[in-house]
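Each structure below is given as C-alpha cells.
Here chain A shows up in two complexes: once beside chain B, once beside chain C.
Coming up: the complex of A and B.
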C-alpha cells in the first residue's frame, strides 16, 4: 500500500522536478552568457543587480532553495545530462566572441583552483595562502618539460601534478608544527619563496618567464586550429575551453567523491575540533598533509593548462595576490560547497574584467560588490549543507 | 588470570617544575565502572589526558589488555579501544548529529583517498553501512536524537550533548570509555537519566568498562563498583564509596584539615 502511495507521489512530482531543473540550468547558463557578452556598463550593472536580487530572494525565502535542491535530487540524471549538453554547446552561442571564451576559460581554471583550495580551507579549515605558488609550480614544471625536453602536453600533465604534489607535501610537513595564523604565515612565506625563486633562477627565465610553450594537439588536431564542426566554426580558444571544462568536471567529481567519503568527514571533523577529532582515531597530521597534497595536485593541472593556453608564463602570474584571490573565491562562494565555490570563482574572475570602465577604481568596486554579496548571503553564496545517507 | 583491561603503573607527568601527577597506579577490570573523584585541580583530567595520549607521561606506563600503549599518539590509542568525552563537551558543532556518530567509527573503517576517488561505490557502501550503524546507536541512546539526526549538533541542549558524546564514543566499539564530568550542568532528572544510560550501555556491551570523573556525589554513591580518590596529583584512596568516604585523608582532601578535626 505504502509503495503505491510513494510511486504516486513521485510520479506527480517528476514533471515539476524536471521542469525546475531545466529552468534553473538554462536560466543560469543564459544569465552567464548575457553577462559574458554584456559590454555596456548599464547592462553589466543591471545583470549584477539581477543576480543580487536572486540571492536576496534565496536568502529571504529559503524554501525556494530547498525546492530547487529537491528537484535536482529527484531528477539527478536529467540534471547531469542537461548540464553536460549545455557545457558542450555553450561556445556555439557566444558567436565567435573570443574575449568571452577567454574569460570563460580563465573562470574555469580559477574554479579548479578554488575547488583545490576548498579541500583545505573549506573542508579542513587550513588557511593555505600558497595555492598560487603550487599553481605556478605546475605551470613551470610542464612548461620546462615541454620547452627543454619536448614532452607533449599530455605527458606533462601528470608530471606537473606529481612535482606539485611533492611540493605540497614539503609545505605540509613543516606546516604541521604550527596552526591557525602561524600556519597561514608559513604558507605565505612558502608562496613568496617560490615567487622569488621563479624570479631569480636563470633556468626559470627569471622575471621574463618562459616563452614559446608549444600548443598541445590531440589526434592530429592542433589546439592552435579552430574547431570546425557541422559547418560551424569555433575559434581556437574553444579547444582550451573544452579542456578546462573537462578538468573542472574532474575536479567536481573528485570533490564530490572525497566529500562523500570517510576522508571528507575526517577533514570536517578536524575543521570543527582538532582535539576531539584526534580522540576519534583520526590521524590529524596525516589528513592535513593529505589536504596539502590534493590541493597541489589539482592546482598543478590548472597551471599546466594555463601555461599551454597562454603559451607564455612569468612569475607575476603566480603572486601572493593570486592566492588571496583564490581564497576570496572560496569564502564568497561558500565554504565546502562545490557549486558555491565555482560560482565564487566565476564571479570574482569576471567582475574585474566587466568593470573595466571604472579603470583605477575597478578593484575598489569589485570589493564593494563582494561585500554586498556577503551582506546578502553572510555564509557565502551557497553555504555547506549536511550530508544525507541512503538516498534521502 | 587474564590481564586487566587497563593498568596504570607509576604514571606521572611534570610540566616544567610542577608535578601534575605522580606515581598513580590503577587497575580497571572488564565490565566495571570506576569513578575518579578529588578536589578541583587534583589532576583528574590530566590523568585522562595521559591515558588517551593527549599528553605523554614523563614516568610510568599505561597498558591496555596487557599491551603497552604508553606515549602512543592519541589517534592510535583511540583506535586501540579507548574512547572519551570531554569536561566541556566537544562535539563537531556544524556537522549533523548523525555525522558526529559516524566520525566515531573512523578508527575501524578503511577508505583512503585513492579508494574514495577511484572506487566510489566501495567508499559509499562503507559510509552507508556506517550511517545505518550510527542510526542504530542513536536510537539505542535516545529516540529524540535519532529523530533529529540530520540537524547540526551545535543546537543541542546540554543533556543531549552528553548523550551524543556517549553515542559517538560507543561508535568506535571501545573496550573502555572515559567520561569527564558527564553530569556537569545537568539537573537531578538528567543525572538520573545519565546513570540509566550508562547502565543500559553496560548491559548492551558486555566487557565494556567506564572510567568516570565525577563531582556529583549522588552519582558517585550509586553507580561505580569502586572509587579512586586523587589529591595533589597522587592517588590517596581506592575502594567502595561507602568505605572511601569515611577515610580521614579523603575528608581532609575535600574539607581541609581543620574541618576534619572539628567533625
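Coming up: the complex of A and C.
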C-alpha cells in the first residue's frame, strides 16, 4: 500500500482508535452471544443474514477493514485488556446456559486445532489430513495415563503433547521426499492407520473407546464442581471454558510469535517457492518436519482437554472426516490469518449445531455452504495479509 | 488346501479388479486436469442405488418375470446415470477450481462427496439403511474340470475387457488422442481445433462410468450396499492410483493389485485379519510413497529453475 492512500485513510479517520476497538470487540462478543443463545430458527437465520451483511460490507468497502486494523494497531494495549476481560466475564452473560457453554468450549478447542493446522497449511502450504489423528493420539495418551496410571490432568498434558509430537515428527519424515497430492495421501493414510488401530487394539478399548476419564482438579477445586464467585454461580462447564480459552490464548500467542520469528518467515518462504527457499539456504526438510511437530503438539493439548471434558472418547471422534473439517475451517476462515482461522472454526462448529431444525439435512446444508464459500470467496473470510517487515 | 488357495487367489483378483476400476478414474482425471476428484468414490457409489431403483421400476413394469434383460437394463441405466452425475459434478463444482491451488479443489471435492452421500441418505427411500444387492449372476462356471463361482469370474473377466477397451480408446481412437492432447497442452490442443470443455465432459463421463462398474461389482460381490461405502472405496481407489503413479493407467492397475494383495494376505493369515486389513493396506501406501515418492510407474518430477 502506498503512502498516499495511508494518509488518506488517516485523514478520514473519524473515530478515535480506542472507540473503534471497543465497539468492534463488544459488538463481536454480543453477536456471538446472540448466536449462541438463539434457539428459534428465524432468529438464527436473521443473525446469519446479519453476519453475511457485515462480510458483504467488508468485501465492498475494504477501507473499513483497514480502518479497524489500524485502530487495533494503535490501541494494542486496550485491545488486549478488553479482549481478556470479555473472555473472563463471558460465561456470566450466558445465564447458566450449559449448552451454549458446551458449544463455546468445542468451538475453542476446534480453533486451537485449526490454528495448529494453520502452521502447515496456511504458513507453509503443506497439506496435512492427519490433524484429527494427532488430536486423537493426544486424547488417548492422556486418557490412558489417567485411567491406568492415575496421572493427574496436569501431568498428562505435557506427556500427551510429547507423544503426539513424536508421531508428528514421524509423519513429517515422508515429507522429505513426497509433496502435494502424494504427501496429502501419506497424511490421509497415516490418519486411517491411527483410526483403525484405535478401533481394533484391545488396550484402547476398541470401538467402544475409553470411559470414565477422571475430572481434573486445580488447587483442590474439582472441575466437576460449579464455580461460585461473588455470589454468582457458574455451571461446571465454565471450568473447561476457562481452560480451553487459556489454551486458545496460548495458541494465538505462539502463532503470533512464530509468525514473527525466523521460523514463520522460513515457512512463508517455502510456501512462496520451495526451490527458491532452498537456494536461500533455508533447511526446507527441517522446517517442514517442524511444522508437523508443532501441529501435533498443539493438537495434543486440545485432545487432552477434550478427553477430560467429555470424560469419554472413542475412535469415531478422530476420523478422517474430522481432519477434513479442521482443514475446511482453515480454508474458509482464511489461510495464515489467525483471526480468520478462529472465525472459521467457530462458524463451522456452531453452524451444524444451530441448524438442528434441518436435522437430517444439516450435513448436506453445511457441505453446500462450504462449496459455495470456496467458489465465491476462495481466499477465506479474512485473506492472508501482507507481511510487515521491520518497525511499523 | 488347494481350493482354499484358489479361493484367496480369486478373492484377490476380484478385489484387485474392483479397485482397478475405481483407480483408473482417479488416474484419468488427474492426468487430464491435475485435480484430485475426491468425490469419485461417492459418485461411483450412486450406481448401485440407481441400479436398485431402476430394477424396482422395471420389475414393476414387466411383472416379476425374472430375466437377464431387466438386470442388464438396470446396470446400463446405473452406469449412464453415474456418468452423467460425473459430468454434473464437474460442471457445477470442479470446473470452478481449474485455476485454483490444488488444495482448494481437494477440499471442495471432499465436501461434494459429503453432498452426494447425504443426498442418497436423505432422499433415497430409507437411504440410511444398508440395502441388500443381488448377485449379477449366480451359480458356477466350469473351466475344464475347474468349478468356479460365476460372479467372481464375471467380475475379473469384464474388468480385463474394460481395461483393454480403455487402453484402445485412449491410445488408438481419435477421442483418446484428443484427451491426451488436452492433457499434454490445453492451449495448443485448442489451436488444433479441439474443444477442451467437451473433452473434460467426456473424460468425466468415462471415469464415472468405469467407477460405476467398479461400485456395482463391489455391491454385488459384498451383497450389500450402504450410502457411505463410497468413502472407503474412493480412498482405496485413490491410494491405488497414487502408489501406482497418478496419471498412469498401468500404474493404477498395479497399485490396485498391490493393495488387494496385501488385504487378501492379511485376511488369510491373521486371526482377526478382517479388522486389520485397512491398517496394513494404508501402511503399505505410506511405505511405498517413502520408497518411491511419485508412485511405481509415475514419472519423477524434476523442478527446473
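The working rule: the second predicted complex is superposed on the first by the 363 of 392 C-alpha atoms of A that agree within 3 Å, B and C clash if a C-alpha of one lies under 4 Å from a C-alpha of the other, contacts with A are read in each partner's own complex, and residues count from 1 in each chain.
The criterion applied here is as follows: a residue touches a chain if its C-beta (ideal position, glycine included) is under 8 Å from a C-beta of that chain, and two chains touch if they have at least 3 such contacts.
Just so we're clear, the structure is a prediction, and the values are computed from it rather than from any experiment.
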First, second, both or neither for A:284, with chain B first and chain C second: first
Contacts of A:275 with chain B and chain C, given as first, second, both or neither: both
A:26 touches, of chain B and chain C: first, second, both or neither? neither
Touched partner set for A:263, first chain B, second chain C, both or neither: first
Which of chain B and chain C A:294 touches, first, second, both or neither: first
First (chain B), second (chain C), both or neither touched by A:361: second
First, second, both or neither for A:57, with chain B first and chain C second: neither
Partner chain in contact with A:193 - chain B first, chain C second, else both or neither: second
Partner chain(s) touched by A:81 [first = chain B, second = chain C, both, neither]: neither
Overlapping contact positions on chain A, where the chain C interface meets the chain B interface: 275
Residue ranges of chain A touching chain C (in the complex, touch as defined): 121, 125, 127, 173-174, 177-182, 184-186, 188-190, 192-193, 196-197, 199-200, 275, 320-321, 324, 327-328, 331, 360-361, 363-364, 367-368, 370-371, 374-375, 378
For the chain C and chain A complex, residues of the former touching the latter: 30, 36, 93, 96-97, 100-104, 106-108, 110-112, 114-115, 118-119, 121-122, 231, 235, 238-239, 242, 246, 272, 275-276, 278-279, 282-283, 285-286, 289-290, 293-295, 303, 305
Chain A residues within the chain B interface of the complex: 254, 257-258, 260-266, 268-269, 271-273, 275-284, 290, 294, 384, 386-390, 392
Residues of chain B touching chain A in the complex: 52, 54, 73-76, 78-79, 83-84, 86, 90-96, 98-99, 102-104, 106-113, 115-117, 120, 123-124, 126-128, 130-132, 150-152, 168, 172
